[in-house]
Each structure stands twice: as structure tokens, then as C-alpha cells.
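In what follows, chain A forms one complex with chain B and a second complex with chain C.
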Partner chain A sequence: MTPIHDQSYRRYTGVRQEPGTAWLVIAATGIRTVLTKKFFWLVLLAAWGQFFVRAVMFYLSANFSNLDLLAPSVETFRQFFEIQEIFVLFVTVYVGSGLIANDRRSNALQIYLSKPLTRAEYVAGKLGTLLFFLLLVTLVPALMLLFLEMMFSASLAFVGANLFLLPAITLYALVEVLLSAFTMLALSSLSTSARYTAMLYAGVVLFTAAVFGIVNGITNSSSLAWLSFRANLDQIGDVIFRLQPRFESPWLLSVVVVALLIGLSVWVLERRVRGVEVVT
Partner chain B sequence: MSTPTRSSVPAATSESAVAPAFLSSAWRIYDLSLGQMLWSRRTVFMAFVVGGPVVVAVILRLLVTMDLVSGRGMVDGRPIIVDGPIIFGLMIWGFYLRLSVPLLGVFYGTALMADEVEDKTITYLFTRPVSRGAVLFGKYLAYLASTGLVVLPSVMLVFFLVVPLLGGDIGSNFPSLVTDLALLTVGLAVYGALFALIGAWFKRPLLTGLVFIFGWEPIVVVVPGYMKRLTVSYYLQGLVPHAMPQEGLVSTILSILQANEVLPSAAVSVIGLGLILVVGLGLATWLVERREYVLEQ
Partner chain C sequence: MSIPGSEDQPVASLDNVSVRFGAQEALRDVSASFAPGAVGLLGPNGAGKSTLLKVLLGFVTPTAGRMDVLGIDVAAHPQRIRARLGYMPESDGHIPGMNAVSFVAYCGQLAGLPRSDAMQRAHEVLHYVGLGEARYRNTETYSTGMKQRIKLAQALVHDPDLLFLDEPTNGMDPKGREEMLELVVDLATRKSVNLILSSHLLPDVEATCDRVVVMHQGTVATQGSIADLKGLRRQVFEVRIKGDVDTFIAALEAEGAECHGTGEDLLRVLVTPDQGPRDLFSLAARQQVQVRHLRPSVPTLEDVFAEAIGEE
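Coming up: the complex of A and B.
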């Protein structure tokens, strides 16, 4: 009688991947999982709403000379990112809140790390998932808008005159999404509940904004803008887009705060993403 | 084999057939849930949300004591003076009504049923001889009690820390504190009812709630027409003037806004909020009574 299924030792017949590429598997799986959710498509569609509106405005300004008012400028691209901030918050909360918390909840972290996968690769994979969607609502539409402007006007005049826009859009989008992604991942690693993590993140972002708003109202001075999560990004954004910084606080201080927040998040992730808790 | 006697059957039936009344069932659930809500990791979140304003108030008091904040400034070339009651009004609006109350409402309101589903403990509640609606209502009461117990003392602390600053007077401003406390209670109740409905209705209640308070409400409030009536903050704004200082520029601006229907009158606000509360809670109860919860394996 032959066994139905042979459970004895078998050689691994798969392909051996080079070390350092395992994060791609986690990132790709995460992206696929999010894309299966219908509700997320609605969020994504809403996030791209501004792009479609701006595209129509660019088309009208390029084709009707009496609609010069709608012509793009550096401020247009800066405003684009400002309006996208709310969608960055929603996407960060939706995609990021459960990335590590759900694994911790189901004790999957130990299983992940028992595979040929380093902690750094695990975090990079999760980060990749979140960065993909955040860039999809910030960098990608902004660059596409720039491209559309060139195509609609059939001229390189605007892009040529504002050549710095290309690196500015890229740099600001990266600063914004890296700060959001690292902060959310760090918070996600602190809890086993995605809902709790989501509220904590939204609370931090909105509470720091409220603190700055109150202090600004009392002192009539924006020199404490660095207290706010969002105000720091706004301040850095103005400098990157070569505009007058909107707050009185030094923009370098905002850079330091952002760098500190990312550093703190990396430290939290290093402490929390461990296969086995070793009590010393 | 013995047959049941005629006298024993009705006795057993009458004992088991009498289900607890809706309110007493809700009270049992309230009793059970209150402790769970107060003594959990969520308290950290709640402490963060309501403790923040207290910390800001303490820092502000220290700064004023050290003469680092004068409360005098210039806006558009005109001198302005900010005193304790005005700062308190700012904090009530900025920290509590626009932030803490909606956030707590979304966090707890959407979790009333979702928590039990997520923890797979809803079966234990639904197999008890209490109506499903009573489960939701009891949990809603526990939410009101737990958030109220934390938010209202925080407001009291902020009041006593901030109002005496820069020439403010506690005695004359005490009625505004009572109004503020009532306003916050109404806000917690209405947002809680609305998010209980969202929690009972949607599969992803948290994001839906966040989109509502930080996407829908801020945008719609500035849109002309009737759209703003589909928000809670519009009706809460209508009650805020009573919590703000009654003299000076602020009340003048608010009265102009009310006259132009940018803000609703107090009566319209009360009716609007009452309607949202009753409809929200009623629909949530109705949905929970009829919904089939499938637990993920």
C-alpha cells in the first residue's frame, strides 16, 4: 500500500534568491492584499480627484488664452501637495495601521523571522507596501501633472523655466511619505490592534496641529510651528519649492524635527520588531 | 417513564419566558463594559487626548508666571489683548470640540460592536437572554460615562489653570464653564451615536469615521447652501457662542455669522443635534438587531 502523501524529507526544489531580496516578497504581498479591498479603491479614486481637476484646468489654460488665470505656476504644485495631505493621512491610516500590528496580533512575526528573512528585510517589506501607496497619491500624480502641462501646452517653456520643480516634487514627496510611513510603522509595532494604532497616529498628527494652532492664537507668533507634525512639512515644503516660508520658526529646525521623528521611529522599530522577546 | 406534572410545567415556562427588560439588560451591559473601557490600553489614548490640553495649560501658566507671555499683540496693525477667558474659549474650541470629542467619538463609537467582533467575543453576548439592541445601548452608555469621566475633569483643570491668567476672573466666567461642560457632553453623545451607527453599518468604520470628521466636515462646512447641515460640527458651532466670552469682538463676529445663517441659532442646533442623536442611535440599534455577524476564522 503506497502512502497518499509522502511527508519524509525532500530537497528544496525552488530557486534560491539572493540575500536582501526577500523584502520584495513582503512588499508585493502587502500591495496585492490592499488592492483587493474595494473600499481602498474609493479612497484612491478620491485621492486622484485633484489630479483630474488640475488636468482639466491645465488643458483649458493651454487652449483658451482668456483662461490664463488657470495657468500652472510653482504655487500650483505646492498647493497640490497641501491638498493631498488629507489623503496622505487616510492612506497612511488605512494601509499602515495594521502592517505590523496585525502580525503581532496573530503571532506571525515569529513565523516571518524563522524564515531566511532578516528584521531589516521585514521592515523594508512593510515600508515598501506603505511607500508604494503613499507615492501613488503624491509623487506620481504630481509628476504626471508636470508631464501633462508639457503635453497640453506643446512647449517646454514652463518646465524649462522651472526646472527645479522636478527635483522639488520628488524631494518633497519623499520627505512627506518617509515621515508618514516611518511614524506609522513605529506606532504599528507598538500595538496589536490596527484600530488603536490608526487612532494614535491620527491623534498625534491632529493634536500637534491643534497645539500649534492654540499657541499661535495666544502669542500671535508662529515661531513654535516646529511643534506641529504637519507644520514642519509645510515649512520644509515652502523651502523646497523656493517659496517664502509661511512660519516664523527656522526651517532648519523643522528639518531637525523631521529627522528626529524618523530616527525615533527607526529606533522603536529596531526595539519592537523581534522574533523572540528575550527578558534580561 | 414519568410525565411532568401539571403544576411543574407552567412554573418552569413562566420563569424562562420572562426576558429582562431592555433598560435593565442595557444596564447589565453598561456595568460590564464600563470597567473594560476604563481599565484598558485605550485609556492611554484617552489620557493622551485629554491630558494634552492640561499639559499645555500648565506650560502656559508657567510662561505667564515668568512674564514670558503678555497676551498683548498686534493684528493688522491693531493692538489686541488676549486674556484667560479668551484663551480658555480657544482651547475649548480647538482642543475639545474640534479634536478630542470627535476623536473619542470615532474611536469608541465605531468600536462598540467592532471590538467584540474582532475579539470573537460577540457570541457570548448574543447568546445571553438580552436583546442585541440592549447590548449596543449598554455599551453606548458605558462609552458616555467613561469619556465623560475623563474629558470633563480635564476641562475643569484647564479652566482653573487658564481662566485666572492675564486678568481673567473665575467667578464671572464660571457659568461659561457649565455651558462648556454641557456642550462637551452633548458633543460626546451625538458623535458617539453617529459613530455607533457607522460602526454598525460599515465594514471599515474607523476610516469612514476619520473621513467624516477630517474630510467631510471641514470641507462641507464652508460650502454654501444646505450641505453643511449634514455635519455635526455645524450644529455644535451654533451652541459655541454661549461658551465664548460674551463681550468684545468675538461675540460680535459670531452674531453676524448667525444673522447670515452661516451659523445656526441655538434652537436649530439643539433640534439638529437631538435628531442626529436619536436617529443615529435608533438606526444603530435596529441594524445590530438584524445584522448577521460572521466571525473570521
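Coming up: the complex of A and C.
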């Protein structure tokens, strides 16, 4: 007797995309999943608060000559990123902690990697999800502020006088989000618990800052700033925005530390993202 | 490489493949060929069945040897192969936070289907595997049997040419197991999907497959069509005796026969072609045991398996 379900399966004759685009599917699905969480919308709103405040300040300074005090400068954009740091931390933890850890917990890696995608594509998809939201709270509002400044002042004078600002904003945002995203993904790949990963990441950021703070307090010297996750970014940020570096440690050392952290994260991901876990 | 009696090109083949995990050799010089249709990959736990599937998927890189799947070199083009493969893993696997239809459609997209096609196929295959009514439920709330079905659905959604089913009936109740086996038979016979069914359950393999590759301790113990293998070079007898069973078995084995229990008090004795019932009776007399029951039997897959791995 032919079962009824016989009618419901047929061979597929439609088109198939060539391998290489699966990372886009992973990233887009990850983004959609995060956007279904109402709490995250509140986080995003809070993260864009500074943008709205600064936009009003730019408007006022452009339209009321007695409010020159509010006029933007290079420091304004540097400060913008400094204030956004807390949101970068929050978004990294909220979005990133479960990206790989949850897949490891539910044995999803073997499902992913049995499809026509490479391990690099899988990581790229997860990275895409995290980068999207991190850039949404750093690069996008910063660039929009620069654009608004031009619009409100109806002049290219500020941008013309600070031509380096556009690449500086872009470069610093990329350094900040790449370091945060790679570090978080590497930590996420080490665990099967998103909560534990979140605590681990926050611990790394806060503990290294605390160690540097203590050393700084005892020695009255900031030459060991490279010990701190955040201090390295601050140091590099100052240099990118052509400001006086705030710490005594060489800024090149901070660049090396950031590069090493990203390299270490890539190595961890290469070791941990596998279709089969081999315990010898 | 070809299996004797096989007329078609194999869907997968391994040529002297070895896999080592640290000090342990999981596969040792494995040469096997999987013909089109349903092929059982049979062996006790730890025989290397799952490792073999993972090697064919490209999850594990062999230390030696060469493999082809659907005529494509695994080492050179693992992605091209996986685009045409469906893999139902042994352990539970799902994407957290998704309902069944989203999960299966997502898997379809990962396999290269456009989003709308993937969604349509997700509905179809979920109906096919019997999860039509539960397709909007979060997969994390599924029972063990439902999790097995959704693993099959995600493996089928992109319409693979070759399915790897790793212990597909694990944890299923008898009715669910029967339905799963019906699906496997349907796929292989009516839907023209080639499949390799890895299992340690002989009845599952016997019910679904035409051919079998028997693995034991990381090597291929035997392979071929079940019908051919059942036509053993040996005759099989069911024997029940009264007396010292261990001594009788030892005497049988000394005469070149093989013997294994059935779980009851019956012995299945595989004798050499030149031996017959008369030899069994005379041996029993010499060992001073009474033969209470002796009947020629039809060889089963269990006999093939026992002979291949030398199990008592």
C-alpha cells in the first residue's frame, strides 16, 4: 500500500547557488534572530542616544553663532568613540557570546559543516552577524554625524580642514570592532555556555583594565598600558585621530598586541570550529 | 575498485584509507565500495562506522588513502560533494531557538537553495518525515523520536543524491523505528536516493539494505550483497544440547565449525561444507552431550556478521 506521505517528497529541480555564499545566509539569519529580541532594540536605542544628542549640538552650533562652544572638532569624534565603548562591550557580549557556544552546545556544528560550506565561511557568517551590530553602534553613527555636520553647516570647511577624519573614523571603528568580534568569537568557541562566555569576555576586558589601573597607581607610570585590552584601543585611537597618545607605552606596542590578539583568536577558531571533536 | 557482482559505478569508495586519532588507529587500511541503492554499514560500537562517514564528509582528514564520493575526490572537492550529500548525524543536532520549519529551511539555504525554494521544500520534507503537524514547534521541545525525524528532514531538504544515515533509529520507540525504516526504504526504492545506513542493529540493515559493508575494529570484515553473503560457504544448524555447552563449543571450533548463541539456549552452528548433521551427532556423542534439537536453518545477516567478525 502506498503511504500518503509519498506525495509530499519530490526531487528538486530548481536552481542551486554555487558554494561560497553560505556565510551570507548565516550572517543574515543571525541578524534577523537578534532583531527579534525586544530588549536588544532598547540597547540599540540607548547606543544611538549619543548620536542624537550630538546631532542636536551640531545643529545648534551651525545655526546659532553664540553656541560655538558646541561646534564639532576632531576631539568630538574621538570622544564619541570613547563613550560608545560601553555599548561596544554590551553588544559584543549580548550578540556574540552565544554565536558559537550555542552551536557547540546543540551539536549544530556538524549540521553546518555537513553542508557545502567551509569552516572559514561558518566563522565569516558568525563574524558578519557581530560586525553588523558593532558597526551599527560605532562606524555608522560616527559617519552619519560627519555627514550631518556638513548638512547643518552647509559647508565642507570642517571636513576640508580635517580630511583625515573620514579614514580615521573608519579605521578606528574597524580596529575596535574587529578586535572585539574576533576575541569574543574565539572565547565563544571555547565553551558550550553563552553565559560563561559572556562572563569570560567581560572578565578579560575588566580584569586587564584593573591590572593596568593597579600597576599605574603603584608605579605612577602608564608604560604598561599594553596590558589592558581597552587601553591598547585608546592608545591606537589617539594616534589614528592625530591626538597626543594618552599613555607612556609605545603605541606601536599596542598595535602589536591587538594584532597578536586577533591572530590568537583566529588560531583558536581554527582549532575549535570543526565538524568532529577529536579527544586524544 | 569494484565489488564482485556490482554492475554500477560505486557512489562512494575508499582505497586503503587509514585514520589515526593520536595513538589510536580508528580506521586501518580500509578499502570499501558502496554501490548505488541502500548499503548498510554494519559493525559493533567502536568499529569505525561513524569515523568512516566523517572521513567521507571531509570532517576528518585520513593519514593515508584516497576516497571518492559520487565520482569526486573527497580531498580535492569536499564542498562539491557536500552539496550533493545529506548527513543525518548520530547525535542530536539543531540550531538553537528555531522552530522546525525555519531550521530545515535554513539548512536548505546553507546547501544552496534559494530562500523561497528552501522554505517550500522544508514544508514538504517535514510532512514527508511525519512532522507536518509539529513543524512550527521549537525543535528543542521535540521528543527523541521527533529529533531523529528532523535530522532526516534537514538531510533531505536539498534533495541529495546520497544520504549518510548514522544510527537513524537510535532512541526511537518500536512504532517510530518501523516508520523510520519505512521512510528509508521508500527513499532508496521509490525516490532514487542512494544511501549508506550505518547501524549496529542487524534487523535495521536487513530491513532496508541490499548490500552491506561489515566493519570490525577499524577494518572492513566483509562486504557484498546481503543475498550473496547469506549464501554462505557454510551450512547453518540450530542446535540445543544437554550437557557441558562450553566443552561442546570448543570441540565444534576445533573441528572448524563456528558457533554463536541466539540469546536463548539455542546455538547457531556454522559448519564447513563437508560437514553435516551426522558429524554433529557423532561429535556430541564423543563429548557425551545429548542433542535435544537439531534443525537446518536459513543463514541470517547475523550469521554473516558473526562469521565476518568472528563473534561468539
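For the reader, a short list of remarks on this structure follows.
To be clear about the criterion, the second predicted complex is superposed on the first by the 268 of 280 C-alpha atoms of A that agree within 3 Å, B and C clash if a C-alpha of one lies under 4 Å from a C-alpha of the other, contacts with A are read in each partner's own complex, and residues count from 1 in each chain.
The rule is simple: contacts are C-beta pairs under 8 Å (C-beta built on N, C-alpha and C of every residue); 3 or more make two chains touch, one makes a residue touch a chain.
As the structure is a computational prediction, the values presented were derived from the model and not from experiment.
In the superposition on chain A, A:G217 makes contact with chain B only, while chain C stays out of contact range. Within the superposed three-chain model, A:G263 lies out of touch with both chain B and chain C [touch as defined at top].
Of the two partner chains, chain B is the only one touched by A:L206; chain C is not. Once the two complexes are overlaid on the shared chain, A:G49 sits clear of chain B and of chain C alike.
When both complexes are overlaid on chain A, the residue A:P167 reaches neither chain B nor chain C. Note on chain A: of its two partners chain C and chain B, the one contacting more of its residues is C.
Looking at the shared chain after the overlay, A:F90 reaches chain B, while chain C stays out of its contact range.
Within the superposed three-chain model, A:T33 lies in touch with chain C and out of touch with chain B [touch as defined at top]. Under the contact criterion defined above, no residue of chain A touches both chain B in one complex and chain C in the other. By the touch rule above, chain C contacts chain A in their complex via residues 21-24, 54, 57-60, 79-80, 82-83, 85-87, 89, 91-97, 106-107, 109-114, 117, 121, 124-125, 127-128, 130, 132, 140, 154-156, 158-159, 182, 186-187, 190-192.
Interface residues of chain B, counted against chain A in their complex, comprise 41-42, 45, 48-49, 52, 56, 60, 69, 71, 73-75, 80, 82, 87, 90-91, 94-95, 98-99, 103, 106-107, 110-111, 114, 118, 203-204, 206-207, 210-211, 214-215. Taken in their complex, chain A has these residues touching chain B: 39, 43, 86, 89-90, 93-94, 191, 193, 195-196, 198-200, 202-203, 206-207, 210-211, 213-215, 217-221. Those residues of chain A whose C-beta lies close enough to touch chain C in the complex are 3, 5-6, 8-12, 14-19, 21-22, 25-26, 29, 33, 98, 102-103, 105-108, 110-118, 274-276, 278, 280.
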